[in-house]
Amino acid sequence: MTTIKSIELPDVQSRLSSSYFKLTRVGVTGVKKLVHIKRPNKKSVLPLTVTMDLFVDLPASQKGSHMSRNLELVSEIINQTLKTPVSDLESFCAEVAELLLKKHEYATFSEVKAEADYFLDVIYPSGQKGSEPYKLVAEARAKSNGELTKLIGVKAIGMTTCPCAMEGVRKLETRDKNCSAPTHNQRNIGTLMIEVPRGTMVVDADDMINIVEKSFSSPTYSILKRKDEAELVLRAHAKPKFVEDVVRDILSAVLKRYRDLPDEVLVIARSESEESIHKHNAFAERVTTLGELRK
Amino acid sequence: MTTIKSIELPDVQSRLSSSYFKLTRVGVTGVKKLVHIKRPNKKSVLPLTVTMDLFVDLPASQKGSHMSRNLELVSEIINQTLKTPVSDLESFCAEVAELLLKKHEYATFSEVKAEADYFLDVIYPSGQKGSEPYKLVAEARAKSNGELTKLIGVKAIGMTTCPCAMEGVRKLETRDKNCSAPTHNQRNIGTLMIEVPRGTMVVDADDMINIVEKSFSSPTYSILKRKDEAELVLRAHAKPKFVEDVVRDILSAVLKRYRDLPDEVLVIARSESEESIHKHNAFAERVTTLGELRK
Amino acid sequence: MTTIKSIELPDVQSRLSSSYFKLTRVGVTGVKKLVHIKRPNKKSVLPLTVTMDLFVDLPASQKGSHMSRNLELVSEIINQTLKTPVSDLESFCAEVAELLLKKHEYATFSEVKAEADYFLDVIYPSGQKGSEPYKLVAEARAKSNGELTKLIGVKAIGMTTCPCAMEGVRKLETRDKNCSAPTHNQRNIGTLMIEVPRGTMVVDADDMINIVEKSFSSPTYSILKRKDEAELVLRAHAKPKFVEDVVRDILSAVLKRYRDLPDEVLVIARSESEESIHKHNAFAERVTTLGELRK
Amino acid sequence: MTTIKSIELPDVQSRLSSSYFKLTRVGVTGVKKLVHIKRPNKKSVLPLTVTMDLFVDLPASQKGSHMSRNLELVSEIINQTLKTPVSDLESFCAEVAELLLKKHEYATFSEVKAEADYFLDVIYPSGQKGSEPYKLVAEARAKSNGELTKLIGVKAIGMTTCPCAMEGVRKLETRDKNCSAPTHNQRNIGTLMIEVPRGTMVVDADDMINIVEKSFSSPTYSILKRKDEAELVLRAHAKPKFVEDVVRDILSAVLKRYRDLPDEVLVIARSESEESIHKHNAFAERVTTLGELRK
C-alpha cells in the first residue's frame, strides 16, 4: 500500500454520542488467530487456531469504541507469545482483557472469549498411537477496579447409554440381571467450565477433559479394533447414564479434584445427548459455585 | 407398532439420585414443530416452523426428569392451537412453560425458548409485491410461586455505512460536504428483545421489526430496480451508522414506543456488522431495563 | 420510498466482459421465501419456509447477469401460488427454472435448488397425535433446447444399530442367539433423491420418506412412553444395520416402488450415522440411475 | 483398557451383501486431526487442524467396508509426518488415498477431502506485524488402475464494490467522473481450486491466495488505522467488481500463472458476495479445465 502524507483524520469515535445511552458490550467477534501456548509441564509449544470475541463497555458520552485497538493489541500479545508463549489459553485471554482496559481508557469492563480445537495424544487399546479431538474454551473479564476473572472450559464427546430403556428391555424380556441388556445409546457432548479468580492455582484443561470423559457411560475413540469395540459397548452398558447423571458425576469429580479452590469459584457443567431414539437432544446443566456444591 | 400387555415398567427417573446435586436446567433441545399463530389484528392463521428448547429444574433428590412429558405437552398445546390458534409465539411459550411446571410436580422453574423464520409482506419501490424474511425469538420462564415472564424478540437484516471511513475519505479527497462520499458498508444483523411481565400489554413483533429496520443506515430488499438500488445507496450514505449507533437508536425508539410498559421490563438490543473491510464482525449490545433507560 | 424522475440509468451488466470467459453459474443463494403447496390428494394448503439458490449460465460476451430478475420472477411465481398453489416443491422449482431461461435471454442453462422443513402427522404408539420433522429437497434444471429435469428429495432422521459390535458382544458373552445383545446405536440421517424427466409420473415425497424410514433399524419419534421406548429399542436391535445396509435397502425399495419410471432416472441414496462410539460419522452413498440398478 | 484373550470375533463386514448393490462411497466424515506440513521453501513446520472425509467404493458382493482401517491409516501417516512432515495438505491427502486403496483390497476408487484454517503473516500498512486467516482445501482421488489426482484449493475473504450501483449514483447525482462515488460493498468469499495430475509441478497455496485476493475490489485486513481504512475504501471504489468479475479475474490470473500445467487440469473459481443491500448472497462460478480456458 502506498502511504499518504500526514493529513489529520477526524476521530469520529471520540465524538459525543447523540443518543445518550451507555452500552454493555462493544467490540469484535469471530476474530481468528494462531496462538502459541506452552504448558509448564510440557516440552513443546502448542499452536492453537483460536476464534475470539473481544468487548469493552462504552460510556453514554462517547459515540464509538476504537475497535481497531482491539485487533492491534491482540496482534501485539500474539507477537509476544511467538517469543515467550503463554502458559494457557485463559492466561492469554486475561492478558488481552487487561490490555483492553488500558487501551480503552473510557471502559470500566472488558471481556474476552476464545475457543479452539485441541488434541490429546492417546494409545488405543490396539497399541496404536493417535490423538482424539476436544474443544478448549476460555474467557476473561477485567474491571477498572482491578478485578480479573478467568474461565477455563473444555468440551468432550463421549457416549451415554440410557438406564430407563435398559430396565424396560429387561422387564419385557424377563432377562437375567447378570446379562447385559440393549438400550439406546448416543453421542454426548459434555462441557465443564471453571471460573478462577486472579492468583488462584492453575486449573489444567487435561484434568478437566479427564473428568468429563469419566462421567460418560464411556469415552469414545477414533480407532477401535473389533474386540475393543465390543468391549467398549459392554463397559458402556454396564454404566448406563442419563444426561442428569453425567452432569452430577462431573460435579462430584470437580468437588474432589479442586478442594483447594475457594467457594466463590463459578462452575458450569453441561451434558447434551444427540438421542438415537429421538430427533431432538436431551440436555442437563448446572450453573453454580463451588461453595454451593460444598453445602 | 404392536402393543404389549400391561407389564409395569420401572420409573427410573423418579429414583433417588446417587450424586446428591440439584440441576439448573434439564430438558430437550432442538425440538422442531409447526405452530399456528393468529394475530388479533389479522385475518389469516400464520404457520411457523419453530425450533424449541424446553427445560425445568430438578431437585437433588430425583435421579431424572421425565423428558417425554415435555414433548407430550408441546404436542397437546399444538393440537389445541390447530383449533384455537394462540395470538403469538411468546404466548405459546408461556402456555408451554406453565404446563411444564404442572407436569413436573418437583420443578420450581421452567423455561421455554423458540425461534422461527417469519415473513412480512412488502410493496417494493418498483410496485411489485413480495415478502422479506426475519426471525422471531420468544422465551418464557415460569416459577412455582406463580411468576411468569415472556420475552419477545426479533432479528432483522439491514445495512450500515461506516461514518469513520466516510469522513476519512472526505478529508483525503478534500471533498465538498454536500457530495456523498464512499465508505465501507455491510450486512448488519439487528436484534431487539423485550421481556414482558404477565398481564402487561401485548408487544407486537411487527412494531419491533420496524424499530430495528429504522435504526440501520437502510433496510434491505430482495427486489431492487437499478434506480431503487442507487437511491437506497444514497439514502444509506446520508445516514452513516456505527453498530453503536444502531443499538442506541433502537433504545431511543423503544423508549418512545413503549411508554406504558413498567420500569422492570428487560430490554436487549444488539447490532452485529459483517464488516466488508475486515474478516471479523463488529458488535454492540445493551442489556438493561426500561427503568435504567428512562433515567 | 420516494420515486425519482425517469433518468435513464446505465445497464452495466449488459456491457462487454473485459475478461473474455463464460461462467458456469451466476445467481443468488440463500433466498428465503414462503411457498404455498397444495398436494393433489390433500385438502389443505401447505406453507413451506423455503431456502433457495437460483443460477443461470453467462456467455463470455456479457459482463454481468441481471440478478434482480431472479428475485422478481420468484416473487411473481410465489404471488401466483397464493391464488393457485403449485402441487409440489419440485414443480415450483421447475416453473422458476423455465422462467429464469426466458428472462435471461442470453442463458442456455438454469438451475434452481430449494430446501424446506416438512412435517408429517403421526399417531404415536400411545395414541397421542403429533408430528415428526423432515426435510424436503428439490432441484430443477432447464436448458435452452427445452430439456427440463426435476429432482425430488427427502431427508429423514432415524436410528441404526451396529451389526458388527452386536456379534462381537455375543461372542464375548457367549450369549444365547435368541436373547438380544447390546450394541452401539445412533442417530442416522437418511437421504433419498430421485431426478425425474419432464412428463414423468409424480413422485410423492411422503412415499420417499416412508422408504427411508423403513430402511433404518428403526424410525424415531418425539413422544415415546416407557414401554414404547423399550419396544422400539428391541425392534431396532432385531434389525441391526450398517450405513451400507441403509443405502442398499433404500435402493431395493426404490426399485420396487418405481417400476414405471424410465431407466435414465437419476437416484441418489445416502446414509450418515453420528456414531455413538466415535467422534466422527460413518457414511455410505450410491449415485446411480434406475437403469444401472435394474441390471 | 483391559485386554481380553484371543477369542476370534466375526468379520461381519466381509460377509455377502444381502441387497446386491455396489456403493459409490463408503467411509467416514468429520474426522479431526492435527497434521504437520513443511513447505519446501519454509523453515518451520506448520501444524494444521484438519477436518477430513475418507471414502472408498464397495463392491456389490461385500456387506460392509472396514471403516476402522480408514482411521488406522490416517493415524499411521500422521505419525510418520511427526518425524517427516509432508510438503503440503494435498500430498497428505494423496498419500492417504493411495493407502486407502491398498488397505481396502476390494475397492477400485478412493477419495479424501480435507479442510483447514490457514494463516499468512502480513505487515499492515501501519507497519505492525500480524496475520490474516484463510482456508486450505485439498482433495485426492486414487483409482485401482494407478490414476491419482490431487486438488489444491484456497478460500479467501475480501471486499467487492458494486459497479452497477456506483454508476447509478453518478447519474442520479450528475457527479464528476473523477470523484469517487459511493456504492454498496460487502464481504466476498473467493474460492480457487486446481486439480493436478500425478507428477505435475507443485501448485503453491500462497500463490493461489494471492491470485484470489488480487481479484477482489480490495483485500481486507484485521488492523487498519484511520488513514489506511480510508485509503482502502478509495482503492476498492476505484476497482468496482461484480462476482462475475472476481471469477473472471481469477481465471485470467490462473492462465498467466500456470502456463506449464497441462490442458486437462480442472479449475474451479467461485465468488460469493454477502450483499449489503440484500438479505441473500450473489454468486458466480466457473467449473472448467485449463484447456477450455486457453481456447
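Note that the chains take the letters A, B, C and D in the order they are written out, and that residue 1 is the start of every chain.
Definition applied: a residue touches a chain if its C-beta (ideal position, glycine included) is under 8 Å from a C-beta of that chain, and two chains touch if they have at least 3 such contacts.
Only a predicted model underlies this, so the values are computations on that prediction, with no experimental measurement involved.
*Asks:* Consider the two chain pairs A-D and A-C; indicate the one with the greater count of contacting C-beta pairs.
*Replies:* A-C
*Asks:* Report the chain pair from C-D, A-C or A-B that duplicates the B-D interface, where duplication means over half of the contact pairs agree by residue number.
*Replies:* When the contact pairs of B-D are compared with those in C-D, A-C or A-B, A-C matches.
*Asks:* Go ahead and note the Å separation of the Cα centroids belonging to chain A and chain B.
*Replies:* Measuring from centre to centre gives 26 Å for this pair.
*Asks:* Report, in whole Å, the distance between the mean C-alpha point of chain A and the mean C-alpha point of chain D.
*Replies:* Computed value for the inter-centroid distance: 28 Å.
*Asks:* Could you please state the distance in Å, as a whole number, between where the Cα atoms of chain A are centred and where those of chain C are centred?
*Replies:* About 35 Å, centre to centre.
*Asks:* Identify all positions of chain A at which a residue touches two or more other chains, and write them in rising order.
*Replies:* In chain A, 4, 7, 9, 31-32, 71, 133, 164, 168, 171-172, 222, 224, 226-227, 229-232, 278-280 touch at least two other chains.
*Asks:* Per the contact definition, I'd like the list of chain D residues that touch chain A in the complex.
*Replies:* Interface residues on chain D, with respect to chain A: 1-4, 7, 9, 11, 31-34, 47, 49, 68, 71-72, 75-76, 78-79, 117, 119, 125, 128-131, 133, 222-232.
*Asks:* Which residues of chain B touch chain A in the complex?
*Replies:* The touching residues are 4, 7-10, 12-13, 17-19, 21-32, 53, 55, 58, 63-65, 67, 71, 163-164, 167-168, 171-172, 242-245, 247-249, 251-252, 272, 278-288, 293.
*Asks:* Would you tell me which residues of chain B are touching chain D in their complex?
*Replies:* By the definition above, chain B touches chain D via 132-133, 157, 159, 161, 164-165, 168-169, 171-173, 175, 179-187, 218, 220-222, 224, 226-227, 229-234, 236-237, 274-280.
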